[in-house]
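A, B, C and D label the chains in the order they appear, each numbered from 1.
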Amino acid sequence: MAVISYRQALHDTLRTELDRDSNVLLLGEEIGVFEGSYKITAGLLTEFGPERIRDTPISEEGFVGAAIGAAMLGLRPVVEIMTLNFSLLAIDQIVNHAAKMHAMFGGQVSVPMVIRTPGGGGQQLGATHSQNIEVWYAHVPGLKVVAPATPADAKALLTAAIRDDDPVLVLENLALYNTKGEVPDGEQVGEIGRAAVVRPGTDLTVVAYSRATVVALEVARQLADDGVSVEVVDLRSLRPLDRGTVCASVRKTSRAVVLEDDWLSYGVGAEIAATIQEGAFDYLDAPVRRVAAAEVPLPYAKPLELAALPDAAALTKVIHEVLDATRFTR
Amino acid sequence: MPPEEEPPEVLRGYYRQMALIRAFELRAGEMYQRARIGGYCHLNLGEEPTVVGLMAALESRDYLFTTYREHGYALARGLEPGRVMAELFGKTTGVSGGWGGSMHLFDAKARLLGGYGIVGGQLPPATGAALALAHRGEPGPDAEAVMCLLGDGTTNIGAFHESLNLAALWRLPIVYVIVNNRLGMGTTVERSAAEPDLYKRGCSYRIPGARVDGNDVLAVRDAARAALHRARTDRQPGLLETVSYRLRGHSVVDPARYRSREETERLRDLDPVPAFRAELLGAGVLDEADAARIDAEADQQVAAAVEFAEQSPDPTPDQLFTHAYATPVPNAPHLLPGDPVVSGEAGLWR
Amino acid sequence: MAVISYRQALHDTLRTELDRDSNVLLLGEEIGVFEGSYKITAGLLTEFGPERIRDTPISEEGFVGAAIGAAMLGLRPVVEIMTLNFSLLAIDQIVNHAAKMHAMFGGQVSVPMVIRTPGGGGQQLGATHSQNIEVWYAHVPGLKVVAPATPADAKALLTAAIRDDDPVLVLENLALYNTKGEVPDGEQVGEIGRAAVVRPGTDLTVVAYSRATVVALEVARQLADDGVSVEVVDLRSLRPLDRGTVCASVRKTSRAVVLEDDWLSYGVGAEIAATIQEGAFDYLDAPVRRVAAAEVPLPYAKPLELAALPDAAALTKVIHEVLDATRFTR
Amino acid sequence: MPPEEEPPEVLRGYYRQMALIRAFELRAGEMYQRARIGGYCHLNLGEEPTVVGLMAALESRDYLFTTYREHGYALARGLEPGRVMAELFGKTTGVSGGWGGSMHLFDAKARLLGGYGIVGGQLPPATGAALALAHRGEPGPDAEAVMCLLGDGTTNIGAFHESLNLAALWRLPIVYVIVNNRLGMGTTVERSAAEPDLYKRGCSYRIPGARVDGNDVLAVRDAARAALHRARTDRQPGLLETVSYRLRGHSVVDPARYRSREETERLRDLDPVPAFRAELLGAGVLDEADAARIDAEADQQVAAAVEFAEQSPDPTPDQLFTHAYATPVPNAPHLLPGDPVVSGEAGLWR
């Protein structure tokens, strides 16, 4: 059990899988000579060579689609899209092709590919480089979408994704790359489609994923000192979505708040709130509240960016509102 | 005139394939009108020599990616007409199990890796298939290669540019074939492509281009063979343009009113199937009796195909989630419209 | 007040606006010589000429982006994307550009363009040609998204969209083009951002949009005969979303069902259910239920397609479940 | 050597602009290191003669679309250095009001229609702006035109293909300028483009291409003028490639380790700004004193720009929704993180 960064966990997992299975190859912009925009693939070109660590031109639709075709013939390509924002240029290949082929061709072919890409704002990258549109992919049958929050999950879920025969989107997060955590040694294959109670509690459930899970845990720790016991459910997998775990938690706590970095309307939080009100209706003491980003193209200026993005303070405020509305007493 | 050295049985075989495709497509159009076939239905009428020539050049070890206008390719690639018609009928015996329909024929064994309905969508995956071949095998005359078909109108979409650039940059064993039938729906090549000599559009990637008469089955075959050979041996991607006419509307429902009466008249005389038939008769490769027999056999095959499709079972609703995922995982959604989202105890409320 | 088809209403509106404002021009594949894949633009080329009714090559990203640039210089382009499915090829221009420019450039430029495109399944067009992904666009700040259900709304909302200075997606529906309805004569400018109670009722609220509204009204009429009074709220506008009208209805009826043609998870229905449980929590007698499509790439074969898509029967069944669960008695 | 007929004050003016851009970019890099500037910051270091030459050719009536590497263009287009620096600082006085940052400079009056951060994203809108010009105005020597900049790596994206095809098909008054600085991040032209002679990539659209030395300000200016003239008078879209070197990393944070020490050495000798300075000194267009004065003035201007940016107010959170929509509509979302979704009575529960 070593303490390593989220970046390191991703890097090590890629290295292990490249070693383990000669059908695994990496494709993407600047992953080789440049060692990756965010250095996840640093050193891999030297170790595995240009055939398996393949730098691509700036052609998202072309190289993501090429990965699909390579996967149809049995390779297991792991594509890096520099940021989630640029996946819009490849989305026809991802949604109209990778997600459709297995069913549309009557189960005769599968597309064992992985798309790794970081989302998230807060880096002052402006409106076009700060989006969290994973909910779009989570909406699409035929895809699998995971969003690890910790180095350990990054390892386990990326491993599972690479060994899965369906197209899997592994959502990373710019703000998590440098975060550290304990990662079990040896092979760890995560389970796509399962959420986890990452902190048990009795008074209120916070549902989150990716960076928001880290914020939720921080808030839960703080509130524990005020005698509030917050349970944190980390979705881990957005598609399939583990509704059972979410509802079981709320049936226990009877209060729920969803935290996400994305815009509020039609976001992941909407599905979670809709699920909870149906799956735990009679257990709910108050409406499920959502804490999400303000619905504007994210501004560059720091004070505006800060105002637009959800944070621990906003989550804490809403948790207190829910507790007060339900006459919670310590 | 077919070159003397071409064995007569080969030429007869080509005519047999053309006759089959022609009969199949006419019948498919009919079945569509009679609502036995749904969705969109695009026919290869007028492209028979192109289809047969290309498939004659493609070896069984090669991989094929096509467009939504692909019935003929499936037949020429050797798929049973019954299973192709059954797919158009949406039956479980169809080549894609009824999931794809006319636009999405697929057969893993025949290495027909799909018809694709999104214009240009097949180009990146075809390029990636060639990448897999390059990744695994060595170049050489017996190496495998990929053939990727596209229409003239499809040369204007971004995926064309990105795919050809990747193929050339990575030296992939692939031949892109532009089946130029002069129209994309109602739009002529001149109205859609700023370089209407489409075979020249490889210039931006240093990919050599060639253009052949799509009505000349032997010319098409030989040009495709040559391009495939360079792809196999030198990993030199190729761009081949075949030029023919789309004899009917874009799809069965299109009356093609945008075509002048003169053009429509002219097209009748340009029909390449009777022309090839006459050619073989003239060359003594066929006599009237042979030709009539071949035509009759084609009709019988197609009648049998329709019969097979008619008799085949429809898929049943319980099969809706059979192909949800290749690797099963927990919590995969299996809800029918109106089901509660959380099943079991969790879904109930007091 | 004439009774005309949804197709005719769209056609007449385009014609009127082309007449009224010389800055309006139409761009799209096959809208001119071919008269439109679905014939909405029939005759307009002859009347307005090739400069204003501009056929484009098959280059969705190119011509949608070109419309953006033309709009930046003050033209009012109305783009037809043949079906919503093909918008994936232009989505980088729509979401990363059209939706961002006004805010990202500090309000110095606006993008007065309209994108018209039909969504919807049920025509046996298969997995890649039958999608309803409007929820993606509804999620994006900077865009406006309307989804008319009737010929009258098609006229009013398309008119409003063309005269609006922001990029507006007008979602049409293959299954609605031939439906008929009364359309008021003369200028009708709809209000983007407002839902409407299209049928008043007291026992249960059905929230829908586009084709689903037509189904909901049909079911409401049938249930009226059994003594059940169903109120139908037609969202009309997905972005902005009129939460007030939805919640006001449910606070009156205390029961709600959402009907949509799209996949269930992360669909429009999720946002509606989440909104209702928060905005009408104490008024709800039962969970908000969602009736949506099965989560598979839509199969071609008719029996499978029918099984996957929601219909009047499914809505009726769920309405009865909600009524029974709340011990509703006539 | 500058041609004799070139008026000395013009040459001095060009040097003055280059010196300003150089000083501005060095200072911007510094400010970024000191965290006064956030996000990504891409500099024009090494591209000064290209920037000045292109902007000398572009008339004030013309429209300009650029990439995210555009500080120099904004300055050469005449925007106040203070307002440009203020944008980098995210201040309300910035050219985009602090909403865009380094990658998204915009000025309606100067007809600078934006820096764009999505590679290739500017090409379709620039093409559409040219469509608007063609739609409204008549061709002629005084007609308006559009200049659209892109990098060498950007020629490989689909939007490049679709945009140039539309421009040629519709005969639009636009000149696409490939600013070839030999690298896209760490990728050389040869590793990304199968036709590395990028100016030839207009071949697929019958768009004439030209290549000039990006270090030669006069050559750049004259080539751009000629291309713009054809665009104005004949509606002939053009493709111009300028070749120069990116002196530093891709953005301020990139140490460019992928470059060999030799290359980095060589680059120092290839710096075009001191070269042009020396040239003018040698030609007697400038003497040391003039040159030193110009350099000093540039430093002062930039110091003043930084001062202006520092003193300018930050936007305040209450301005978050100011630019939500150009046309206000009911129910536009104005919620801050954590606000209840339904405000007022509807949002309360008993």
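In this text, a contact is a pair of C-beta atoms (placed from the backbone, for glycine too) under 8 Å apart; a residue touches a chain by one contact, two chains touch by 3 or more.
Values in this document were obtained by computation on a predicted structure and should not be read as measured data.
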{"item": "Most widely separated chain from subunit A, with each centre as the mean of CA atoms", "value": "B"}
{"item": "Contact-richer chain pair (by C-beta pairs counted) among B-C and C-D", "value": "C-D"}
{"item": "Centre-of-Cα separation between subunit C and subunit A, whole angstrom", "value": "30"}
{"item": "Rounded Å distance, subunit B centre to subunit D centre (Cα mean)", "value": "45"}
{"item": "Centre distance in Å when subunit B and subunit C are each reduced to the mean of their C-alpha atoms", "value": "35"}
{"item": "Mean-CA-position distance for subunit D and subunit C (Å)", "value": "39"}
{"item": "Contacts with two or more other chains, residues of subunit D listed in rising order", "value": "96, 98-100, 104, 116, 118, 121, 156-159, 162, 165, 169, 191-193, 323-324, 333, 340-341, 349"}
{"item": "Subunit C: positions in contact with at least two other chains", "value": "57, 59, 61-62, 85, 89, 92, 96-97, 103-104, 126-128, 141-142, 241, 265, 274-275, 278, 281, 286-287, 289-290, 295-296, 299"}
{"item": "Of all residues in subunit A, those that touch subunit C in their complex", "value": "85, 88-89, 91-92, 95-97, 99-100, 103-104, 126-128, 133, 135-136, 138-142, 239, 241, 263, 265-275, 277-278, 281, 284, 286-290, 295-297, 299"}
{"item": "Residues of subunit A that touch subunit D when the two form their complex", "value": "29-30, 33-35, 37, 55, 57-62, 85-86, 89, 123-129, 264-265, 286-287, 289-296, 299-304, 306-311, 314-315, 317-318, 325"}
{"item": "Footprint of subunit C on subunit B - complex, ascending", "value": "38-40, 90-91, 96, 98-101, 103-104, 116-121, 153-154, 156-158, 184-187, 191-193, 258, 314-317, 319-321, 323-324, 333, 335-338, 340-341, 349"}
{"item": "Sites on subunit C touched by subunit D in the complex", "value": "25, 51, 54, 56-57, 59, 61-75, 77, 92-93, 96-97, 101-112, 141-142, 144, 164-166, 191-194, 237, 240-244, 247-248, 251, 274-275, 278-282"}
{"item": "Footprint of subunit B on subunit D - complex, ascending", "value": "156-162, 164-165, 168-169, 191-195, 200-201, 203-207"}
